[in-house]
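The letters A, B and C name the chains in turn, as written, and every chain counts its residues from 1.
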Amino acid sequence: MLLQQILNGLTAGSVYALVALGYTMIYGILGLINFAQGELYMAGAFAAVLLLSAYEVNFFLAFLFGMGVAALVGVTLERVAFRPLRGAHPLVPLISAIGASILMQSLALLLFGPTDRAFPVQFEFATVDVAGIPISTLQGAIFGSAVFFMTLLVLFVKYTRFGKAIMATAQDQDTARLMGINVDRMISLTFLIGSALSGAAGIMMAIYYNATYPRMGLLPGLKAFSAAILGGVGNIPGAIVGGLILGVAENLGAAYLSSGYKDAVAFAILIVVLLLRPRGLLGGRGH
Amino acid sequence: MLTLKSVHSYYGSLHVLKGVSLHVRQGEIVTLLGANGAGKTTTLKTISGLLRPRKGMIEFLGEDISRLGAEQIVQRGIAHVPEGRRVFSTLSVTANLELGAFARSDHKAVKKDLEDLQERFPILRERARQPAGTLSGGEQQVLAMARALMARPKLLLLDEPSMGLAPRLVKQVFEIIARLRETGATILLIEQNARVALKVADRGYVMETGSISLDGTAAELMDHNEVKRAYLGKGYQEVWE
Amino acid sequence: MTEYFLHLAIISSFYIILALSLNLIIGYCGQVSLGHAAFYGIGAYTSALITIHWGAPFLLGLVLAVLVAALFGLGLGIPTLRIRDDYLAIVTLGFGIIVDLVLLNLEVTGGPDGLTRIPPPDLFGLNFRFKGNYLTLVMFCVLAVLLLVYRLVHSRHGRALKAIRDHEVTARVMGINTAAYKIAIFTLSAGMAGLAGSLYAHYITFINPESFGLHTSILILTMVVLGGMGSILGSVVGAGILTILPEMLRRFADYQDLAYGGLLIAMLIWRPQGLLGVGKVSQKFILPKGKKGT
């Protein structure tokens, strides 16, 4: 029972972590809390679901398509809603992000209606016994994919030219420019990656809960945001750790305290942690 | 090689450069002296494109670069070692060096340059995988200069390379500059430490509240009463000899 | 029709109080709160509960609403001493969400259905079901709050607050007790939001957690930023516009939120400092290219 809850938590947590990575990368480079991150998650899910319902395409192709659409929306969002506001008071782009979030949610509502959509492809998932604990292969697949994407990101940031350029830009834009790095392009690239990851997370959850709807990104978005902060915002390993802890904690909280307060657990933990460690668990930056 | 003609720069509405004119010839080391807040750093930022001049012209190798962005100017062959070193502290020493060559596409040659620099400055190899932020101030300065050299610049802009360094390290940094000079490098150098700077430079300019008040060869400036009084005065700690 | 305008004026007034109170935190303290609606809700529920269950007079409900909300503000003010910037934003956001969930889950607050049959105010024998009277009462409160904020901002304390906002370390060096000021502002601001909550509860006569969630916190924040952070008149105008704008957009029915989101972004791009913001150029604006510019 306890282990089962932990596994459930790790599944949800790995998805939070994926979205949190987007938050943390965007925060790292722009100092901006992208409140519309949850809507990118929703956009990815809708894109994949719609494609799969309309055409007989391969699931993995639809998955990539969903990530691509989320990435495109994210890059556009940065161009339209954030770039013109660079240099303004930090609360201004925050409100702009909120505006974008409202806009995208209502657009999705208009286009797709309020009802949940089932995921068009049904998978055969089994339950396997691992050391006496029943594990659903669906959970395993979600956790595995999330870990796969996180690994990819970490490798990208650490070992590629553009990954290092993104880190450099996040640290010191002026000096990055002196290296010949085009800062605007790095910001776009960051949005592209962060949004694609959120899109992937959205698709995974659309499969997990078998529901895709306009407001689906709201709570996961807020929790991922908490996860990013919990780990120390701007800190990539921090986002991963934060996401996992949050996922596990809220599942335990729901199981052993009260399911009504499930969503409160995440935030309560966050507040307590920040009181003890004002810059998050692994230490993030401030602006 | 580089010519500035009455350049004006602003921070927001603050008028900082008020018609700066200077030039640097191929193979020269030119130093820019002046009190704190005179606008020396701002001059370098304007040349390297971090700041866009509102008026005036900046010509580099026959091209007007005053409208180009910093990332384009590096590609033209100007590398700027900023004040305070500004290494990317969480990235490894090697990553810092690699980023210095970000604008280059001749990857094989980049690799070779990296090895050459590691040869010349062993510390860069010893600490290759360490985060740059863990280096000492002097080591960071070496890294910042090596990082700029990774761009194979035609012109090197150095902003107070000795700032905050112990005398022994100041000496080391200036030895590097002297060595660069032997390889025919062209350098525009800002230095608080006027005596040291004039020793290594061919010519110099003195800046006062946003414009050039004096210029001449290093020897002329060294002898100039005004310079002596203001920048080579007593209480100054000799470290070069 | 006049009924409708009176209604809009009354609703705007609640938001004016809320925006002014949040502006104290943001514009004069340099702190951010994403959970301001929680204080509004705490005020509304406090006042409603004691008037319904104990038959307490309206005035007592109102006073207790202010006090209880202020007490929570005091509680939330303490973390602000240690936690700042975006970290604080998420703490206040979390606080708002937790309060919302508590209201939703407690028995005494009526869960998702909330509380009904909240008595209208019993003052001076006037009939406050008549909107004209209620507007008068609310306007009186708005004026009181405006006066308080104005006096505060233009006092010695106001200057201390500005110093904290602009440069906390310097303020501390100057001998300003920044901790005490921050907590005092959070407390005061929460109390004002509690006042708005009480006035709202006794006007609308039924309340549920929906009115006090994240959505409302964001709306109040938007009012402040749109009007101009640190501008008193800005908060008034921002609250007015954002109460009336959705009403005007209402005839676009389905497109209401779409237009709202779009207009919000457009207005910010057009005037990032807010409608009545002083246009004070921020530090970042002077240093457009580097976060760590010298």
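Following the convention adopted for this analysis, contacts are C-beta pairs under 8 Å (C-beta built on N, C-alpha and C of every residue); 3 or more make two chains touch, one makes a residue touch a chain.
Because the structure is a prediction, the values reported are computed rather than measured.
S.K.: By CA centroids, point me to the most central chain in this structure.
M.R.: Centre-most chain by C-alpha means: A.
S.K.: Most contacts: which chain pair?
M.R.: Chains joined by the most C-beta contact pairs: A-C.
S.K.: If you average the CA atoms of subunit A and of subunit B, how many Å lie between those two points?
M.R.: 42
S.K.: Please work out the Cα centroid separation of subunit A and subunit C, and write it as a whole number of Å.
M.R.: From the centre of subunit A to the centre of subunit C is 30 Å.
S.K.: Taking each chain's centre as the mean position of its Cα atoms, how many Å separate subunit B from subunit C?
M.R.: 52
S.K.: Tell me, which residues of subunit C touch at least two other chains?
M.R.: Subunit C, residues with two or more chain partners: 285, 289-290, 292.
S.K.: Where in subunit A do residues touch two or more of the other chains?
M.R.: Those would be 171-172, 174-175, 177, 183.
S.K.: When you check subunit B against every other chain, which residues touch at least two of them?
M.R.: In subunit B, 50, 70, 86 touch at least two other chains.
S.K.: Under the definition above, what is the set of subunit A residues touching subunit C in their complex?
M.R.: 27, 31, 33, 80-81, 84-89, 91-96, 98-107, 109-110, 171-175, 177, 183, 222, 225-226, 229, 233, 258, 260-261, 263-264, 266-268, 270-271, 274-275, 278-280, 286-287
S.K.: Help me check something: in the complex, which residues belonging to subunit A touch subunit B?
M.R.: Listed in rising order, the residues are 161, 164-165, 167-168, 171-172, 174-183.
S.K.: In the complex formed with subunit A, which residues of subunit B make contact?
M.R.: The touching residues are 48-50, 69-71, 74-75, 79-80, 82, 86, 88-91, 95, 98-100, 102-103, 147, 151.
S.K.: Which bits of subunit C are touching subunit A when the two form their complex?
M.R.: Checking each residue of subunit C against subunit A gives 26, 32, 79, 82-87, 89-91, 93-95, 97-98, 101-102, 104-105, 214, 218, 221-222, 225-226, 229, 254-258, 260-265, 268-269, 272-273, 282, 284-285, 288-293.
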